[in-house]
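By written order: A, B, C and D. Residues from 1 in each chain.
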């Protein structure tokens, strides 16, 4: 079987594995206060350009989302997210377990819109009975979104403006950020994100790490005492240097973006070939997840040789599937897949 | 500098590193449902003998403690722990953040006593105003304890009996379990623990893993839907097989106990030599952490060449330090340390 | 000004006030364990017929909802509610603050449907990734609903069946239960509710009490240690007998239903008159809240003499308003209101 | 039987009952935004002198404590309390249910000392591993304390100074504040408390109200959005004016202090008589709770005619009992009690 069902099927990129092997016998202090983590932090800070940021390394995505939200909000505040947003649908109530409501807004192409947020806040903050409802305190956006779409520079500037208008924090979950930063529609970089977001993540698990998410925090009030809250949420890895080793390697010379570029190229091969063959897509993704709609018969036939995610029926005769590319995806496997898919 | 300050200074045991390297390119599903984790689960279940248990793999200790406690208790219940217990002192409020109070009891040699628990429960459950206080619902015990002491077989049977009497769950944090199981005072094994505890952990981080704790659950009601709660607490690793790979290697042929044995041997070298030289210890530890009391001058002098933890003054002229041995500690380094310590 | 904006504008029904005055000097123990509360409990238990139930008295609605939900659910579970349900929209995140997600379903006439719940559960419980989402553990329904509609006997039996199928608890918020029980569409009583719900409330605040909600619990597992959780949620009134005094008076000879009947009669006067005059209603309410749709001009004009709630525009020229009747509403005031409203 | 077991055995002071009766038919808006509450708020603000404060009315003590603490602390912070403090022992885990640890310090005469707090903070904030523990964020002190002792003016100024040094908030639970303010050792008033505390309560339940606690908040950051958090914690009474009516009456002309004075006088009758007769007391209380130590035989004999709380044995032959006086205690009942107690 050839696998396309996710971008975290393998261990880590060979360069990261080598770095882990080489540093294995080294002795360091724990909890991310070692010199390797310090180096990795410096690299991230440099990538963020002139903006002063704090950098933390966490193991996983649920963890980073719940920790940031818990640290950011007062008890009566909730976090605004697209209705398809990860924290609204797939965190097993992790956000609510920290005491906070996820306030969902209708997504447009799986993204929040500044206008939607603005209208929600305008209605909330002028209401005479606002105090009987949950106050929005933060925006959560995934970039790329859960459906592979990305936020453009003007969209992010608009979200920033609406955050400033209503006193919200802007937090971006970049679990697949490398793929977003390397796609054609995106003309910004880490430094832009550092200037526009109060906090964002650079996801490693889905781009070549064994595990790990970089959390970049610009907001000083959010960052105050953050490591206590990290520890409280089980997010402080004893051998924290494992995160430092991986991210130092991934970010020091652009390997992260190289991985993003490569997986996007393979995804575009899929997108262009299927478009040419007459298939449509549930969303117009420009990143490493593609969501083509196939006749049921084709889905069945492909399943004999390939593994992919099934996103359910779009009508009685068709289904949407997800095809993921990763650092480890082989070009010839993509070619095999495409050659098994006839014109529509 | 030669390091003795903790047992998680290095990466992982070479055999584990090799196993991680060999499996790196392998493709598996995520979240611990892969075949390697299944194999590792079977190994643990076999070690637990006739008792039917469920097995989960988590990344870290805070995580496993908060997840088990959150899963086990109803809102009005608290967890009984020794006043020096890890969850009472060193988890940054992680337990309280799940909504539960840590009810502390005076420790005897850093351990809970069945009698102490029994008296506490007797007082609580007969009180006419019990409902105005927190109901004990679980016992938390560390084995080895925070001070290196271990629970004996009769002590654990007594704790089990007191749990049965009052309807409490018995949970053992085995962050350094390998060291406990290999020390002279201990005549029990995994199977005994599986029969006596409702849940216990087999700690990997401090015994040769990059990271990882095995959680063994006997109680069916505790285990029901446990994976939801695991996910909610950020404890479900995307590439879960990393835990499976490590624990399969560590537990399949006794490597875990071999590591425990070796670090105990080195610790006993320290203990015997210092005892012979006339030093006393804060606690009579039989495991890989030793807590000798040294004159301030000696502490200062040793600090020039060695690193260890400082547990603070015991009187105006003496301090207690912690010396830790690990899988990676070199015998010659222990010898160097001891040769620098004169007779008292 | 004549007030119709809510049913809690005044203090309490004169009979309750008298009972409070008469018992004022009496000495009782606190926290609801006194003999008056015991009497009131017996009365409620008798009203519940053959079903064995436990009875608790709480001060307010938010309190009772959060306490029941906290007591009922394990950490990974959420509560299903109509999207217009009180706990989904108007509790300031009180439910999330107990750690639980409110899972909303599209309401039909402001009510949950058994079918909607069944489909949601079917999708959840068969999903291979269920554990990445929140597990439904309880149904919350308001009766009357937030829009004045009521559940019929068959609808409640269907909800019961779907609860049994999926292992959910059924909880009914009866903040205005007296109005529901006295409306024409309803052919059931307390005893039926006790047999069909795991828990339900008999609301006092909106039907003649100074404050107070009766909580009736049939589920023994939910009721276990409930008073601890009551206390923990700040729901245990020191002078608990104030609740006992009021509910004893309200429920001993049918005063509660008399109040419900009377406020429904006045509400039906409004409904029939406005229907005759050609106005439509946002919802077809048979209880003490009526939601007519008026031209903006009429709303403005009425506002000079009457106070009511404004539920916002239904189109550019019309608004929906809420008219509430209560135990204290005077018939002549309703007549004044209606005489000021011309035919449409 | 003659009752001395608590100060909340009866309903409310006759003047409050009359005020409730007179205002019963009045129509007001809900949730404490009515004109009566506004008047009561003004009265409290005037009592607080030059200090600008916000005033909220809540139903009960557990509620006010958990709401203030939840509003004040970030997730990693805990609240410092005396080990005998109400929130440490008698709130059924209400504080922990909001996610926060109660950090206990040894009490001196049931009070926190500035020195104890200072040492705790000094140790915490200089520690290299502070982030692995709970950060103190607030001081909770009861005045009078749980054992009837009071804080002196210099003690409170010292607590204020230590709060300023370490960035803590100072919160005083004044459940029986009227008794404290009227006792001989106390030379301060509401205005002083408003200037020295970030928040404090003026308790009504135990001084003549049916129920109710005034919460006075000086800290602007604590007060921001406080009403959302009030609502979230179930602390917003629908007919909020019931609190306004009571506190307006209680505070407008000094009735509150009159009650405090009277109950203190009766308590001093007890104290002086028993002292003269040779009995000792567990604590040297100057307020309305007295804790004499009696021979077991005397306790048994008195129990035939009188009811009081039993605080348990002080040795094999003696017990400590609690005698409470209240607004409703009759002087002749105190005389009867004392005449039944022989010289020691």
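The rule we apply is simple: contacts are C-beta pairs under 8 Å (C-beta built on N, C-alpha and C of every residue); 3 or more make two chains touch, one makes a residue touch a chain.
Predicted model only: the values in this text are computed from it and were never measured.
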Chain at maximum distance from chain D, centres defined as averaged CA atoms: A
Between the pairs A-B and A-D, the one where more C-beta pairs touch: A-B
Chain B-chain D separation of Cα centroids, rounded to whole Å: 42
Centre-of-Cα separation between chain B and chain A, whole angstrom: 34
Interchain centroid distance [CA atoms averaged], chain A/chain D, Å: 50
In chain C, residues with contacts to at least two other chains: 70, 75-76, 91-93, 97-99, 131-132, 134, 228-229, 231-232
Chain C-facing residues of chain B, complex: 70-71, 74-76, 98-99, 130-132, 135, 225, 227-232
Complex contact set, residues of chain A against chain C: 75-78, 89-93, 96-97, 99-102, 129, 131-134
Residues on chain C engaged by chain D in the complex (per definition of touch): 3, 5-6, 8-12, 14, 17, 20-21, 23-30, 59-63, 66-67, 70, 91-94, 97-98, 205-206, 210-211, 228-229, 231-239, 242, 328
